[in-house]
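First chain written, first letter: the chains are A, B, C, D and E, and each begins at residue 1.
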Amino acid sequence: QEAKIGVILGFTGPIESLTPAMGDSAELALSEVNDAGTFLEGVTLTPVRADSTCIDSAAATAAAERLITTDGVLAIMGADCSGVTGAILSNAAVPNGVPMISPSATSPALSNADDNGLFFRTAPSDARQGEVLASILGERDISSVAVTYTNNDYGKGFADSFAAAFEETGGEITLSAPHEDGKGDYSAEIGALASAGGDVLVVLGYSDQGGKGMIQAALDTGAFDTFAMGDGMYSDALLEDLGSALEGSFGSVPWAQGEGTEAFTKIATDAGINAEGSYTRESYDAAALIALAMMKGGEASSAAVAANVMDVANAPGEEILPGELGKAMEILADGGDIDYVGATNVELVGEGEAAGTYRYYEIEDGEFTTVSFK
Amino acid sequence: MDFLNALVALSNFVLIPAIAYGSQLALGALGVTLIYGILRFSNFAHGDTMAIGTMVTILATWGLQAMGVSLGPLPTALLAIPAGIAGAALLVLLTDRFVYRFYREQKAKPVILVIVSMGVMFIYNGVTRFIIGPDDQRFADGERFIINARQFKEMTGLDEGLALKSTQGITLITAVIVVALLFWFLNHTRTGKSMRAYSDNEDLALLSGINPERVVMVTWLIVAALATVAGTLYGLDKSFKPFTYFQLLLPIFASAIVGGLGSPLGAIAGGFIIAFSEVGITYAWKKVLSYMLPESLEPSGLVQLMSTDYKFAVSFVILIIVLLFRPTGLFKGKSV
Amino acid sequence: MSSGVYDDRGNRDRSIANADGMGSAMPVNEGGKAHPAPAGPFLIGEAMTGGYGRGADILHACTIAVDRGEIAVIVGPNGAGKSTAMKAVFGMLSLREGAVRLDGEDITELTPQARVRKGMGFVPQTHNIFTSMTVEENLEMGAFIRDDDFRSTMDQVYELFPILKEKRRQAAGELSGGQRQQVAVGRALMTQPKVLMLDEPTAGVSPIVMDELFDRIIEVARTGLPVLMVEQNARQALEIADKGYVLVQGRNAHTGTGKELLADAEVRRSFLGG
Amino acid sequence: MRTLGLFALVAVLILGTGFMQSWNSALIILNMGLVSAIMALGVNLQWGLAGLFNVGVMGFVALGGLAVVLTSETPVPAAWSAGGWRVLGALLFGLAAIAACVAAWKRLRRGRRGWAVAAIAIAGFFVYRAILDPGVEAVEAVDPAATGFLGGLGLPVLLAWPVGGLLAAGVAWVIGKTALGLRSDYLAIATLGIAEIIIAVLKNEDWLSRGVKNVIGLPRPVPYEIDLQNDPGFVESAAGLGLDPTTASTLYVKLGYSVLFTVVLVVLLVLAQLALKSPWGRMMRAIRDNEEAAEAMGKDVTARHLQVFILGSVLCGIAGAMMTTLDGQLTPSSYQPLRYTFLIWVMVIVGGSGNNLGAVLGGFLIWFLWVQVEPMGQWLMSVVTSGMADGSAIKAHLLGSVQHMRLLTMGVILLVVLRFAPRGLLPER
Amino acid sequence: MIRVENLHRHFGGFRAVDGATLEIADGSITGLVGPNGAGKSTLFNVIAGALPPTSGTVIMDGEDITGLPPHTLFHKGLLRTFQIAHEFSSMTCRENLMMVPGRQAGESLWNAWFGRGRIAQEEEALLKKADEVLDFLTISHLKDEKAGNLSGGQKKLLELGRTMMVDAKIVFLDEVGAGVNRTLLNTIADTIVRLNRERGYTFCVIEHDMDFIGRICDPVIVMAEGKKLAEGTLDQIKADEAVIEAYLGTGLKNKEAAG
C-alpha cells in the first residue's frame, strides 16, 4: 500500500537553487520512515514532487490541485514562498482538507490565514527573529546600522520586526533598503547604504541570492566590513566563497540546541545532501512531522495529519532526533507519546508555527562559532 | 581635501560600478542590436545565450584549473573564453540551422521570429539548468582587486576609500577592445560591409553577390562571441547563476532600444545610460554633499531622490524622457 | 503586392520587428550547378513558368532573350509580370518550368549570388540602392565579388555620372529619385557585368535625367554589353531597342524589333498609349 | 471548420484532464484558461487589430489585482485615522502638481518653459514627499504584521472587475498620451517601463496594498468550500449525485467561477467580434494597413490608437482582477514579465493574431500546456531513462533535472506549433 | 483656392522647399513639374499636413491651414494621393472605398455595439456609392479583390477612386503616372478631366510625363531648388530657356548613333 506525500517547491524560478536540497531533505525523512519498515503496517510513503515556481500562484495552484485530486496526496510538504503557499492553502489545500507543512514560508501574515487548522510551518515566523537579532546588536553595543533586506514577505517582515525591536532599544537605522533577488548588480543599493553609513550592515536575505550579492558588493567597494546576518544568510557556501572577508561578522539562525542539528548534519551528509543549506533542516522536519502524525493517528489520511501534528511536535513525550524516526514509529505504535525535536528543535506554537530557538554565531577563523543560544 | 574625498566617494559608489555595469549591459545590448539589425528580430534568447556561453567557459575554466593552468593575477576564465565562444557559436549555429532558417526562407515576419526566439529561450534555459544546475557558480580566481579601499586610504591618506576590482578593469578594457574591433570590422572589412548591406536591403545584397547564409553565419558567430564575453565578464564580476542571466534581458533590451535598435553605437550609449540612471538617481548624496558643503549646511536627510526600490523604474522614466526629447533615438536606429 | 503567407498584417512596430530591407525574393536555393548548354543567344530565359512562393503561376511559358551588343526592351501593362520575368532570369524566384541560359551554360539552378559571379548585373525596379550606406559604399558593394582592384571601374562610373562623385560621401538614401537611379545603375556597372538588366530605370525621373540615362545605356550597349530592360516610357525605349517584347499576363504577346513594335497599331493602342 | 476542430481539441484536452487526472484539475485549467483568453483578447485588440506593441501586459494585469484589494478589502479605520487622509491629500497634491506642469508646458512660450516645468516638477516633488512621507509612515505603523495598509472600500468583489478595467484604462490613457503617435519604440519602452513601475509601486508602497507582505484571504464571489461541506443541504444533494462532500464542494466552487468567467469572456468576445465586423473594425484595419493613408483619408489615427490601446488594456485589467479574485490573494512579487507579458504574447501569436477566436484559442491552449508540461516533462524523462540501468549516474542526473524539463518542454512545443502553423493556429482570413 | 506664401521646409541644413510662393486657382488642373529633388513632394506633404513647415503659410479658401493634421484637412475637402500607392492592402477594393467617408455613424464603438440598425442603412448607401465609383473607374470586376493584389496602375486608379467617395474640393496627385502603363495613364487622365468638369474638383498634379501634363494641365508651375521657377501654359513652359536647362533638356544625343 502506498501513501503519497506532495513535495511542492519552486524548482524553477528565483529560489530554484535552494529547492533541490530542500526536496531531497524532505524525501530523506520519508525514506527513513519507509526503511524503518514499521510505518502503519507496511504502508509506503511516496513523495510526489511538483513545481510551485515560487511566483506564479496560478501555476502553483494548478500543480497542487493536480497532486491532490489526481495523485491523491494526503498531505503537502510545502510550499516554499509565502505567496504561492497562501494561494495553495486557500485554493487547494483548505477546500480539499489536505494539510500543509511549509518549511520556509515565514510571512507573519500566514499566521492569520483562514486555514481551518490545516496549515503548519517548521520555519519560525519572522517576527521573533527580528527581536533576537536586535538583542544581539544590543549585546555588542552597536547603535547605528544600515539594513538591507530581500524584497519579499520574508525580508520585509523581518526588517519590520527588526526595526521595531532595534529602535526600541535606542538603536538608529540609517537606511533600510530592499534588494531584489535574482539580479546581479547591486551597485545602486550599496551606494545608497554606504552614503547613509552605519557601523554594520544588517543583511536579511538569502545566502545564495541578493544577500550574498549585497555583501559581495559591500566588500568590493569597502562600504562595510562587518555584517549582521539573518537566518537566510547562514550557509557554508557563503563562507567558502567570501572567505576571510567575513571574519568578525555575526548573525542568528534558528538552531536546535546541539544534538538535533548534529544528527541531521550527519545523516544528510551521508545521503549526499548539503545539510547547511537554507531550509533543508526545516524541510526534513516538515516531512518527518507528516509521517509521525499519520503514525500517531493510526492511519494514512489527511485528517490524521491535521489532527496530530501539534501532538507529535510538542511535549510531552520522548524526544526524537533526526535519524530516530524508526524509534519514534515504534513508540507511537505502542501507543506512546513523542516530542519531535528534529533538526530545528521543532516546537509548534499558536496555530501551528515553529517557536524557534536561535543560535547567535560569529565567524572566526573561517568557521561559524556559537556565541550563545537565544 | 574635502573635494577629493567627495570625488572619491562618488567614483567609488557611482562612477566605477556604473561604468562596469554599463559596459556589461552595452556588450549584451550590442548582441541584441546586431541580431535586430541583420536578422531583423528581437532575440529573447540572448540572455540565455549569454548564460550558455558562460557555462561552457566555466566548465573549461574548471578544466584548466584542474590541469593547474593559471593566468597569474588574471582570472583563468579569460583563457577559457574561446572555448565558451566555440560552444555558444556551435549552439546558435545549430539553432539557426534547425529553427530560424526555416522562417527566414519562408519570409516569415519578424514578430514570428520573436515568438520563436521565446521558444528557443525556454529551451536554452532548460539546457543550462540541466547541465550546470540552477546554482550559483564561482569561477573567478586571480587577484580580486587592482586596488582595494583600505590600500587606497593608506596610500592617499584620504577618508574615503576607492576600490577597483580587477574584473571591473578587465570589463572596461575588454569592452573597449571588443567595441573597437566590432566597429572596425563592420565599417572597414568586406565581410562587415556585406553585413551592413544585407541589413539594409536583403534582395539587393543578393544581387551584389553577397551570400546571405554566410552573412547570417558570421552574424551568429559575432553574437555568440559578444554574448560569451559579456556573460563571462558579468559572471566574473558578480557570480554565475542562470536565473540572473534571464533577468538581465530586460535592462539589455532597454539599453538597445534607448540607443536606437539596430545601431551599435546606440547600444553602447544605451547601456551606459541605463547603468548610470540606475546607480545615479537612487544614490544618496548625503556623503558627497557633506564633504562639499560647509558644516552649517550639511544635509540632515539622505538626499536620496528616490529609494533604491525604484531603481529600475527610474531608469525607465529616464529612458522615456530621453526619447521624448530625442525623437530619433540617441543614435538613429532602424526605427521609423 | 500580396506578401506571402506569413504576413503580419501591416503591423509596423519597429522595436520588436525590423522589416526594413527585408527581402521579398524567394531565391533559388543553394546546391545547383551550371551545365554546359551551347548555342542560343547570350542570355535567354526560355519558356519560364513560375510564381512567388506557393502562389499561382505569374509567368506562363515566357521567353526573353538578349544578345551581345543588343538592347532588348520589355513592355506591357501593369502587373503583366515584367519584373517577375526579370527576377526569374536572375534566380530571385524558382522556376517551375523553363530554363535560363547564359553564355552557353544552363544556370537555372544557380543562386542569384552565383549568377552575379557568372557576370550578370541587375538593377531592380524598387529598393535598388543601400539607403544607409554612402554612395561610394554602394558602389563598393557592387564590386563585392571582385578581388582585383576596382578603383579604375569606380572612376569610370564617376565619369559616367559626375553628380555621384560630388555626393560620394553622402548616404544614398538622402539623394533624389533620379540620383538614386544613377547610383543603382552605377552599382550594377561596378560588377563589370557581362550582361546588364534594368527594371524601369527611368520611372519618376525628370525628362532631362531620363535622356541622360538613355544616353548612358546606349553608350554602354555600344561597348558590346547586352542590355535587357523593362520600360513604361515605352515609346522612347523601343526607339533605341534592337528587340522588343510585349508581355501580357505573364505570356509573350508580341515580339519584334523595336521599330516593328512601334509600327504595330495594336501594340501602340493597347500598350503604348496610342 | 478549422476553428471548430481546434476548439474541440481544446475541449478534449480539458475533458481529458478531467477523465485522466481529476475534474478539479480540469476546472482549474479551464478557469485560468478563461482568464488567459481574456488577456489574450486584449493583446490581440492592440496588436492584431491596431499593430500596437504592448509589452506591459503584466502592469495592467497587476492593476486589476490592485483593484480587487482596493474595492473589496474591508477598510482599516485605524490606518485611516493615523494618516490615511494625509496620504490621500498628498496624492491629490501630486496630481495637481502634474496638472500644473502640463498647464505650464502648454501655456508658456518655448524658450523658458523647460526650466519652469522642471522647477514646478522638482518643487512639487519635494512638497509631495514632505506631505506623503509622514502619512505613509503612520499608516504602515498600524499593526504591520497584519494590516499596515489603508484597506479597501469593502464593496462586493465582483465590482472590482470593472474597477480593474478602469484603473487599467487610466494608466493606458497616460501611456497613450505620451507614447502613441510618436515613434513606435516609445510604446515598447513606455509599456515595458510602466509595467515595471506599477510592480515596483505595488511592492514598495505598503500603505496601498501591503507591498511584498501580500494581501491574502480576499473576499470571494462564490461560497467557501468549508461552508458548503458544513451545509447539510449541500451534503445531501452531493450525496444524491453520488459525490463525497469535499469533492462536490470543490467542484461546485470552481464551477461557480467557471460560469462567472465564461459570462465575462462571452460578453467581451461578442463585443469584440461586433466591433471587428463593423465600420469601426474596417477603419481600424485600414489604419493598421496604412497609417499614413488612413490619416489622409480623414481618420484621426492617434485618437483611434489611443482608443484601442485603452480598450485592450481594459481587458487585461479586468482579467487581472478576475485572476486575483480566483487566487484569493494579491502577491506583487508574483508578477513577472515572463509569465504575464511574454506568455500572453505567445498565446496571441500561436492562436493567430488578428483573429479574436484565435487569441481565445491560444489562451486556452497555451495555458493548458503551461500547466501540463510539467507532468509531460516528467513523463518524457521517465521514457528517456527507462532504458538505462538503475543507479547509473546519468539516470540519476536526468531524473534529478526533471523539474527543469518543464520550460524545455514548453519551448519545444512552442517551436513545433509555430513550425507547422507559422501564422498561428487560426490565422486572420 | 490654395495659396502658398513664402513656404520653407528644411531638413537639417538642407532647404528642400526654400521660400516657395504659388497659387492654385479654383477649378483648375494645375501641373507641378520640376527636376528631381526640386521639392515638389515635400511641398505637397507640407500642404497636406504630413510634414510641418519650417516657416511660411498655406491658405485655403481664405483660411490659414498651415500645419493642420491631414485628417482635419480631409474634412475640409483637401485630399491627396501618394507618389507610391498607399492602398489598404488586406482589404478589398470595395472596403478601400467604403472606409473613406468621414463621420460614419458606424465608426463609433457605441454604434458598432448598440446601433446596428442605423449602421446597416448607412452601409447600404456606402456600398452603392462605392460600386458606382468602381464602375466609373472601370475596375468593378475587381471589387472583391484584395487591394494588395492589384497591379500598380490599378492601385493608382483606386487611389483616385477614394477621392471620389466624398465631395472633395481640391485633390493633390503625386506622380500618378510613374510606372503606369501609358494606355492606362490615358484613362486616368480622362478621369481627372471628367472629375474636374463634372464634379468641379480642383486638381494639382505632379508628373514628369510631358504628354500627360500637356493633355490635362493648365496652368503648369515649374519648381526648382525649392522655389517656383516659372508658371504658364505648357507651351510657354516648353519655350522657357531656364526650364529647358533645368528640367526638360534637349532630347537624346545618342539616338541616331544607336538606332
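Here is the rule we go by: contacts are C-beta pairs under 8 Å (C-beta built on N, C-alpha and C of every residue); 3 or more make two chains touch, one makes a residue touch a chain.
Since the structure is predicted, the reported quantities are computational estimates derived from the model, not experimental observations.
Which neighbours does subunit C have in common with subunit D?
Both-contact set = B, E.
Does D-E or B-C have the larger number of C-beta pairs in contact?
Here the pair linked by more C-beta pairs in contact is B-C.
Starting from the Cα centroid of subunit D, hunt down the chain whose centroid lies farthest away.
So the farthest one, by centre of C-alpha atoms, is C.
Any idea how many Å lie between the Cα centroids of subunit A and subunit B?
Distance between chain centres: 35 Å.
Could you please state the distance in Å, as a whole number, between where the Cα atoms of subunit A are centred and where those of subunit D are centred?
Those two chain centres are 31 Å apart.
If you average the CA atoms of subunit C and of subunit E, how many Å lie between those two points?
29
For subunit E, jot down the residues that touch at least 2 other chains.
89-90, in rising order.
Name the residues of subunit D that each touch 2 or more other chains.
Only 183-185, 188-189, 203-204, 289-290, 353, 404, 406-407, 422-423 qualify.
Which residue numbers or ranges of subunit C touch two or more of the other chains?
Residue numbers touching two or more other chains: 3, 5-16.
Mind listing the subunit E positions that touch subunit C in their complex?
Listed in rising order, the residues are 33-37, 83, 89-90, 146, 148-154, 175, 178-186, 208-211, 246-255, 257-259.
Can you check the complex and tell me which residues of subunit D touch subunit B?
Residues 178-179, 182-186, 188-190, 192-194, 196-197, 200-201, 203-204, 337-338, 342, 345-346, 349-350, 353, 401, 404-412, 414-415, 418-419, 422-423.
Help me check something: in the complex, which residues belonging to subunit C touch subunit E?
Subunit C residues touching subunit E: 1-3, 7, 9-10, 71, 76-80, 125, 175-179, 200, 203-212, 214-215, 218-219, 221-222, 232-236, 239-240, 269-274.
Applying the document's contact rule, which stretches of subunit D touch subunit A when the two form their complex?
20-25, 28-29, 32, 144-146, 203-204, 206, 210-214, 216-217, 224-226, 246-247, 249-250, 253, 323, 326-329, 331, 333-336, 339, 370-371, 374-375, 400, 402-404, 406-407
Per the contact definition, I'd like the list of subunit B residues that touch subunit C in the complex.
Residues 36-37, 40-42, 103, 105-114, 190, 193-194, 196-197, 199-213, 257, 261-262, 333-336 of subunit B touch subunit C in their complex.
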